[in-house]
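Before anything else, here is the set of structures, which you'll find just below.
Presented sequentially are two complexes of chain A, the first with chain B as partner and the second with chain C.
Right after this comes the complex of A and B.
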């Protein structure tokens, strides 16, 4: 639908888009208060209607390239979604920085942590975006240190700490206080043993064919996962799906209730 | 004999020792049993690479993980990529859930491709990272136009000018999707891409162990053709491939840490029963 622009044409289009955006922004601020809610409802409905229509409208054309009159607009819609999400990201960064800068300026409790957050954010932005555009070696070294050396290692460290909490919880909290807890404990033990080679070795002596194969720990674990766990997950997923559909419909039709939907805009 | 209350630091130390020693010293362990999800994972790659209809199609290697799950997802990725290059299949690295996936997937692919004599742009490509917020629309757009929807590769080169992408233009040109993830991101592929072309695309999933439970129903329904469950799945796959790697070495740590947890659960419960009996004796 839209063609990629290059050189002067690109900058002209960018400037044009910026001017249109500014005009649109001011035009929206001039919309009477009573009309704002219907306007938001209309835009929300139109955006949702596009994907619904594109999905349900009959397609035509050769096999493998079947389209309807809306299919060509999926790509521009995808781009619009990404641009809108980028605004949300910008808003998030602005909000985060302003909150923590205020905390630092007022020397509120925990201001040092806020300072670390802001410094880390600035350094990471300079290093990671800078490496794409600046050829100076220090930018690449900084990126290597901050992103590969620090962030990745800290990320892995944070995640690995969970193992220690699991061990502590296993010892202190996993108690057979009821029938349900006992069933849970036995199932967990079978699954855990069935997942690792040393656990599987316990029943290695049992032939893996015929009726006796069902007594092997890995087959027991697999049975629990497939025949007990799967239906439970499916039931949860079904509930989530129905709930998600109801929520999506409420949002699409602007029926949702809450602070953003009931306040006078 | 009364079971003493163990301090949490002692528990932490026990786990550290149990995990570290097998990584430092070779601890013998029996080979793992090959579970059905791993077996079907292996057989799917074999089938796709042998079928005349799919063997020349593109493999999408979706790397949606970060450093936090490196031990599980990277082991799975290495073992799988080794299999793919051994079958001379062309592949594309892609990430949309974690920006680290682009680098971790890209660097691993580069290392394995160099060893296998694969050339970037001719045998494989890195599509780079796309923001997760717009992934539904992007995947829908990719169905009919991979080049237009994705635009450029990780180096900023237009996909339409990259030789390997010349014959891969839409979903019908994709023969296999493999998702390596720390979350259930495979649902996006199933929902928007897997069955959007003329024929369903075989889809494999490599989740972390904790995420695998949610994916078992998708194996049952046939939406997934195979799955490597965490580090254990990678270990099984390395065993099938007869190419021991990190997962094989780390499986001893995994085994003994599981045993430790079971031992501690039993110990904790024995202590609880003793305390209960003692309290009952005191009240009598």
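Right after this comes the complex of A and C.
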């Protein structure tokens, strides 16, 4: 049934699929209120069960390429969820555009900035998608101006501006008030000194071989990153993983409670 | 338009936007607001175009229209369910598709927990007793097998102590657990200091990049014609 079609047969199948889609969509609107929650729970459970079954079902095949009957469907399912996620981007775009269009239409304070936002968004979409389809030089030039000229510069500048604000943050963080603050200060200072030439020059007199090499600032920074930072982050990561697993189980079995999950349908 | 002219305009736009954003360092002003909204608009537009160019076109449109997989059309009604959130009568349909994503994400979490976390811990634990570098190995800095083993044990001790610090299921009483937890807190401070230092350096390198663009690409090359 699900075989690739070409030419007129493809358009016939697409039309058929469109009709079936409309019927299914209409049928969903007729689902009685009391059946809606069990249906949502069923879909949620089935989606999670697919991955759980694929993981726990016994596998067979050569070493390194062991599969079960569900393994082949993991990638198509993952691809289709990625596609659906991309469609969902429209929710955010709709929200952004509707807020700014309302501001423009009502000439509220700052409406000109909203106009700039909407125009820039449209220009970027035309330029960046247009360059894939239209060979005319103006499209490529527009893309150069919008992407290379503005977007890339604005992106790097916006993030680099944090370098200025981080100075005041550093002042607050590095005021030595407790043992913890002192440790944080020393650690950050070693890491920063270990990454710049002037910092490395401080301990340049220490030989780069033998046990004393461990006292060179770049080696100390490397040791902190590999032997202290790495296990601490791994422990935090593990905590996050366990928390994520517990939340995942609650979501999968529709045990989660709260405003979103308990609203009337 | 000539290629040189395009390049010049690109650089001038870059200079204007860089200075426009940096103007906030003096005080809140209209030029900054203008470039801020421009950035938001361009970023939103870029997200839309990237979604089409990188995902929807290769993974959906091409498969459906070029390769003839007509059943990919069913992605449209599925995606339409997201937008039913705006319908008063049928907003429950959006929960159906969100439920699918919640379930799939939960399933993927099980898989990644079992497939990623346990091997990671097994590797870390086995390193403590097995990964002993030779004294002559590059990067060992004269470490003896004993000090290398000590480093590996320290790795496990830090891992365990930080996990103890985050263990809130029971009250941390007695002498041993609070001491271990305190050591975990100190090592966390070392880690946060390292992260903070790395973040500062990353932002500084971005700042240096923008300064290099202004001084070299604009002033030296475009204005003074120096190479």
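As a convention for this text, the second predicted complex is superposed on the first by the 236 of 265 C-alpha atoms of A that agree within 3 Å, B and C clash if a C-alpha of one lies under 4 Å from a C-alpha of the other, contacts with A are read in each partner's own complex, and residues count from 1 in each chain.
The rule is short, and it goes like this: a residue touches a chain if its C-beta (ideal position, glycine included) is under 8 Å from a C-beta of that chain, and two chains touch if they have at least 3 such contacts.
The shown structure was predicted, so the numbers you read here are calculated from the model rather than taken from an experiment.
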item: Which of chain B and chain C A:153 touches, first, second, both or neither; value: both
item: First (chain B), second (chain C), both or neither touched by A:224; value: second
item: Contacts of A:234 with chain B and chain C, given as first, second, both or neither; value: both
item: Touched partner set for A:26, first chain B, second chain C, both or neither; value: neither
item: Which superposed partner A:87 touches (first chain B, second chain C, both, neither); value: second
item: Dominant toucher of chain A (residue count), chain B or chain C; value: C
item: First, second, both or neither for A:119, with chain B first and chain C second; value: second
item: Chain B versus chain C as contact partner of A:75, first or second or both or neither; value: first
item: Which superposed partner A:168 touches (first chain B, second chain C, both, neither); value: first
item: Chain B versus chain C as contact partner of A:200, first or second or both or neither; value: first
item: Footprint overlap on chain A, where chain B in one structure and chain C in the other make contact; value: 4, 77, 81-82, 85-86, 88, 151-153, 155-156, 158-159, 163-164, 166, 170, 185, 189, 192, 195-196, 225, 229-231, 233-234, 237
item: Chain A partner contacts - residues on chain C that touch it in the complex; value: 1, 6, 9-14, 17-18, 21-22, 24-25, 33-53, 55-57, 59-60, 64-65, 67-80, 82-83, 85, 89-90, 92-93, 95-97, 99-111, 113-117, 120-121, 124, 141-143, 151, 154-156, 158-160, 162-163, 166, 184-201, 203-204, 206-207, 209-210, 213
item: Contacting residues of chain B [partner chain A, same complex]; value: 6, 8, 11-12, 14-15, 19, 29-33, 35-36, 66-70, 100, 130-131, 133-134, 137-138, 140-141, 144-145, 148-149, 151, 170, 172, 197-198, 209, 213-214, 216-217, 219-220, 229, 232, 235, 251-252, 254-262, 264-265, 267-269, 272
item: Of all residues in chain A, those that touch chain B in their complex; value: 4, 63-65, 67, 71, 74-75, 77-78, 81-82, 85-86, 88, 151-153, 155-156, 158-159, 163-164, 166-168, 170-172, 174-176, 185, 189, 192-193, 195-201, 204, 208, 216, 218, 222, 225-226, 229-231, 233-234, 237
